[in-house]
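The structures considered in this document are given below.
What follows is a pair of complexes built around subunit A, which joins subunit B in one and subunit C in the other.
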Partner chain A sequence: MPNRLSISECIKLLDNREIKVTELVNAYLREIENRDEEINAFITVTKDEALEKAEELDRKGKRISPLSGIPGGIKDNICTKNINTTCASKMLKDFVPKYSATVYERLLDNDFVMLGKLNMDEFAIGGGGEYSYFKPVKNPYNISHMAGGSSSGSAASVAAFECAFSLGTDTGGSILKPSSYCGVVGMKPTFGTVSRYGVVGFAPSLEQTGPITRTVLDNAIVLSKIAGHDEKDPCSIKRDLDFLQDIDKGLKGLKIAVPKELMDMDVIQRDVRKCYEKSFEIFKELGCQVDVVSMPSLQYSLSAYYAISSSESASTLARYDGIRYGHRTEEYSNIEELYEKTRGEGFGIDVKKRILFGTFLLVEKEKNYLDKARKARTILMNEYERLFKEYSIVLTPASPITAPAFGEKQSNALEKYYEDIFTTPINLCGIPALSMPVCKDSNGLPVGIILSARHYDEKTLYRFGHAFEAARGILK
Partner chain B sequence: MKYEAVIGLEVHVELKTNTKLFCGCRNEFGKKPNTLVCPVCAGMPGTLPRLNKEAVNLAIKAGIGLNCKINKFSRFDRKNYYYPDLPKGYQTTQYEMPLCTDGYIDIGGRKIGIERIHLEEDAGKLIHEEDKTFVDFNRSGVPLIEIVSRPDIRSGEEAALYLKKLRGILLFTGVSDCKMNEGSMRVDVNVSVRPKGLSFFGAKTEIKNINSFQYTQEAIGYEINRHIELYENGKTPENETRRYDEKSKKTYTMRAKEDSSLYMYLPDTELVPLDISEEEIDEIRKKMPLLPEEREKMYVKEHGLSDFDCENILQEVHFAEYFEEAAKLSKDAKNSANLLITQIFSLLESDKVIKIKPLRLAEVSNLMTDEVINSSTAKKLLEKLWEEDFDVENYVKENKLFQINEKDVLSRYIDEAMEENQKIVDDYRKGKKKALKALTGIVMAKTRGRANPRLLNTLLNEKLG
Partner chain C sequence: MDALFLINFALKHIYDIFLTTKVLEVIILDITNLEKLAKIRLTEEERKEIEKDLAYFTTMLEDPFKADTSNVQGTTIVSHTENVYRDDLVEDFEDLLFDGEIIVPRIVE
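And then the complex of A and B:
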């Protein structure tokens, strides 16, 4: 079954003409057909276009890029010209953009094969994958559990062998967390590395698009093709894009920081802690030094993240007003009613909560919540900067828990927010991070870790990840 | 009790850029609705703004022209409100850290402070037709600057003077075309009144979107009196937004004043903060054109023009450029200015285009200076030149339009006229001084307008004794 192969294995076969693109694409389409009714990873499958492209590539024969002929899926908040881009929301359920996101154009330029658009939490807000207007995404390891979010379909589709790779977006862990829940490799690149143009976000100061794959090497291959300066995104930066240069160098003598504050948290499940500690042993065997360090300002990251992301979302999502595109309410007698009903009907509960909270923060000026959040952000950045002078990476669990089951009682919203404790500092500081699996918990669900590094140092993350993956062996 | 008015102006001006502030759409007025629109200025999902450097440079120019401090670091913020012509649900503007601060305009001895100039985008426009409303996004994203004065203005007259000066500076720096009828210059006024000599602020009313300088002056005058009357009757004006009705010359309540916190300002993190170097600012400073005030000084000093001349010529940039071009070629620039103002300006149509080459004005003016032609010939020549271009000297030669400067030739015309109009001569001699004018006219007509007017006057007086 060629859809079980990694991208790097596929590249070899395709280069040697041992497999046709059509065979590869058909294997993925079959998997989608067999499996996705259960997983719900896809919102739109572009089957005809995928087959057409595969045939064209087989006819052409020439491979212009490592990604040529590799089938991938795109999160449904990334604009794809002439293909529905719904953000998994009723608001945009029939929206077909007339333009493409730069990341998608880059993939097309590399002759990838588009399989379709991936399910997600509505407008990338939410962490479980259950807040899609269409259907909840289920964890391929156990379909009574969530896939994690917001890039739930992106992680689940790769884990279920429905895609060779996918693109997700990450605002507060939306690539890293579902990757860990689904046992795949997810990268949140340095802010400004991948163009945001055409990606429908909600908190622009935190967002990045990144690849989700089954191996670390695959991930570096995809990132190399989607990263790079884009003049359509004012925050896009010109930087070194060789992510593979250090991947085989090994880890001897490198130092890893483990934040004491996170280790001490009692919200961390026992199995998660066990796997996390097991990762220390693997890294030590690879020749690393693992030190426990103190990062006192990590305690501010959740509050700062929710203040900043919510306030930005209240403004960024204002454009969905029913005037130019998207959902518009049937009956209204004046403009205020048009707005109220359109937005009331078009947005789901989690999006509304975020907008309401953000609006509250922006109106309550005297309390200075946002100024405090911005200050916390700066303090946190300084703390990371200090650590990265001495350490190559910071290592944390990906989430305090493994994928929760659907319908599992969550006593309050705050508890749910705690799932993002390890990911939010990464977005606040704009640093790159890699999420990858270590082992499985007693229920057979994957447990992941997050490696984060200084700005622009994805190559070190891939170096660590690649060595770790080989030492860890097949996920048990 | 004596009262004092405290007035501040907020002026919005559209920048004369080729393209919009955050996308590549052309910045033009009067095009078919929704033909200058792209995904960015229509606020489509996932699109991002891309700052137009040309707009930043024009805003800096305005700042320099208005004696402002140009802030090397400034930032864009979002002003959030819902309106169908506002595609993103917020206006991208500069709230906390504007590009320019602390400037002033000198309105003839008194400096009116300018608090800030910030860069922002315009909204689209609603078009109401019968029971339907349409939105035109051609104007959405057009670059604007808002110029906020300090509350230093004390009367409607001062406000009009401030606006005139402001318009002149923006026109001559090429920042904006300042056409109030096309909405590229829009004025909001804040008025309050307090007992003279005290320093607190009274209740403030805002009058929005006044569309001429004269109406601004009138509206302020009305508003000051309204406030005083209320105070005199023991009442206080409401803090509110009003509009000026040009027909009744009164202001009317529009709505209560909004609280700025309702706009939920926050930094626009889709854009990076503006970081402008000293070198960039110097570069723009070096290329600054002469401002109206500097030009006025030059006109007075070098060409002997009057205040009246300057005011007329400095109404429009192309008038000033036209005059300067003609002045360079003129033997007597003051005479050219006179011809420009009295003759040529009276020929202008609504587009204000001068259809005579500056060279021709200079040629006509020079022939007058050399006493080759007189002013009535000059007038005829300019009217003719308005229709078609020709070499003035040749034309004068061919049509024998030379001024009659010869005493004996002119005497003959006068004698003839006096003989034929004995009654007028008698009237004059009986003391009817107006008859002189009639005779002058008759002689002029006989000479096809070519008589040297000074000589004619002298000779007529001699002959009539």
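And then the complex of A and C:
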């Protein structure tokens, strides 16, 4: 089954001509055909284009990049020229972009094989994968459970062997959390590392695109090919892009910080806590020092995140008004009614909630919540900066719980948003983070951890992740 | 789930109900105005759900007020930003060009 191989294993076989690209692509397409009807990871499968590309690569014979002939999927908020980009929303269900996102073009330049567009929470707002206009994404480990979100299809497709890798986007944990729920490896790179030109976002000061894979090494390979400065993205940065240079160096003598405040949280499930503590032991056996440290400003991160992201979403999503493109209501008597009905019909409940909350924050002048949230963001950034002077990484669980079952979701909004307690500080600070599996809970669902590092230090995260994965083995 | 988790969950839920009933009135007054400002028409069912959730959201917003933010400058973006300048390119609009300008089709009568 070639679709069960890692990217690095495929590279060897393709280099030695022991397998054809068409064989590889067909194996993935078969898996999609057999399994995706229940998983719902894909919104669009580009089968004909994938086979055509595979045949072209086999004819050509020459591999120009490690990703040549490697089949992957793209989250459906990343613009792909002439291929539907729906953002899993009724608003954009028929939208076909006239241009491609830079990150997708970079993959095309590396001769990857596009398998299709991946399901997600509508407009990347949501944490479970259940808020797609089309269909909810199910967890490959147990289809009565959620895949996590918003990059739900991106994580589920990799876990279900329907893709060798995928691209997701992360605004408040949208790569890290679904990767954890689905037992795969997800990277949220430093803000500005991967171009966002052509990526449909909702909170521009927080978002970043990143890869999801089955192994840490595969993840570093993909990030190496998609990262880099892009003059079309105003936030794009020029930086060192060698993510693989330290991957085999080992961890002896390196220091890990474990935030006391998060350790003390009563919302962490017992199995999650057990796996998290097991990860300390593994890191200690690898020669690391694990210290419990205090990070008092973490308590502000969830509220600061929701204030900032909601305010930005109210502004960013204002463009969907039925005038320029996307869904438009059929009956209206004036322009105000056209706007209101179009947006009422086109957006799902979670998107509406976020926009209205953001609108509330933007008009509320007396308390100036948004200003306070931005200041809390600065305090949080300073705290991380101080910590990274002494420690190589900060280690937390990926989520307080494992993938919830459909219909058994938390009873109120606050419970639901507490799931993001470990991921939101990462986006507020723009630092890189790696989500990877540790073990399974008593129901057989994956439990993940998050490793975060200082800005531009993805190579240290891959170093830690690679050593940890070698010690623990890949989750099966 | 262990017993301690369930007890904590239940206590939090009771506390949340208390908070919600305290602030719900204010939010109910605001929601229609927010719909107008955001230009989104809600169904009655959606309005009820959103009212409830906004109430939870607002309780959470008080957290950053616990922090001492005197002499702290707010962060709007974590990296530098650079203006992107592009040439205005007009494609496939030949039929709409009139005297050097583009006639945009009328949408609303």
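In this text, the second predicted complex is superposed on the first by the 473 of 476 C-alpha atoms of A that agree within 3 Å, B and C clash if a C-alpha of one lies under 4 Å from a C-alpha of the other, contacts with A are read in each partner's own complex, and residues count from 1 in each chain.
Just so it is clear, contacts are C-beta pairs under 8 Å (C-beta built on N, C-alpha and C of every residue); 3 or more make two chains touch, one makes a residue touch a chain.
This is a predicted model, so every value here is computed, not measured.
Three-chain overlay on subunit A, with subunit B and subunit C in a clash. The larger set of touched subunit A residues comes from C, when the choice is between subunit B and subunit C. Once the two complexes are laid over each other on the shared chain, residue contacts for A:V103 go to neither subunit B nor subunit C. Of the two partner chains placed around the shared chain by superposition, subunit B and subunit C are both touched by A:C235. When both complexes are overlaid on chain A, the residue A:I323 reaches subunit B and subunit C alike.
In the superposed model, A:Y417 lies in contact with subunit C only, and not with subunit B. Contacts of A:N334 after superposition on the shared chain: subunit C is touched, whereas subunit B is not.
With both structures placed on the common chain, the touch criterion links A:I70 to neither subunit B nor subunit C. Touch criterion met: A:A314 reaches subunit B and subunit C at once. Contacts of A:R377 after superposition: subunit C is touched, whereas subunit B is not reached. Of the two partner chains, neither subunit B nor subunit C is touched by A:V216. Only one of the subunit B stretches 19-27, 73-81, 109-117 or 253-261 carries C-alpha atoms that clash with subunit C in the superposed arrangement, namely 19-27.
Overlap of the subunit B and subunit C contact sets on subunit A: residues 205, 231-235, 314, 318, 321, 323, 335, 339, 359, 363. Remark: subunit A residues 77-79, 85, 87, 92, 95, 97-99, 101, 196-201, 203-205, 231-235, 311-312, 314-315, 317-321, 323-325, 335, 339, 359, 362-363, 365, 370 touch subunit B in the complex.
Looking at the complex, you find that subunit A touches subunit C at residues 191-192, 205, 231-237, 266-267, 269-270, 297, 299-300, 302-304, 306-307, 310, 314, 318, 321, 323, 332, 334-336, 338-341, 343-344, 347, 349, 352-353, 355-357, 359-361, 363, 367, 369, 371-379, 381, 411-415, 417, 429-430.
Taken together, the subunit C residues at the contact with subunit A in this complex read 1-2, 4-5, 8-9, 12-13, 16, 20, 30-31, 34-35, 37-43, 46, 49-50, 52-54, 56-67, 69, 72-84, 86, 107-108. On subunit B, the positions that touch subunit A within their shared complex are 39, 42-51, 78, 80, 82, 84, 87-90, 135, 261-262, 264-272.
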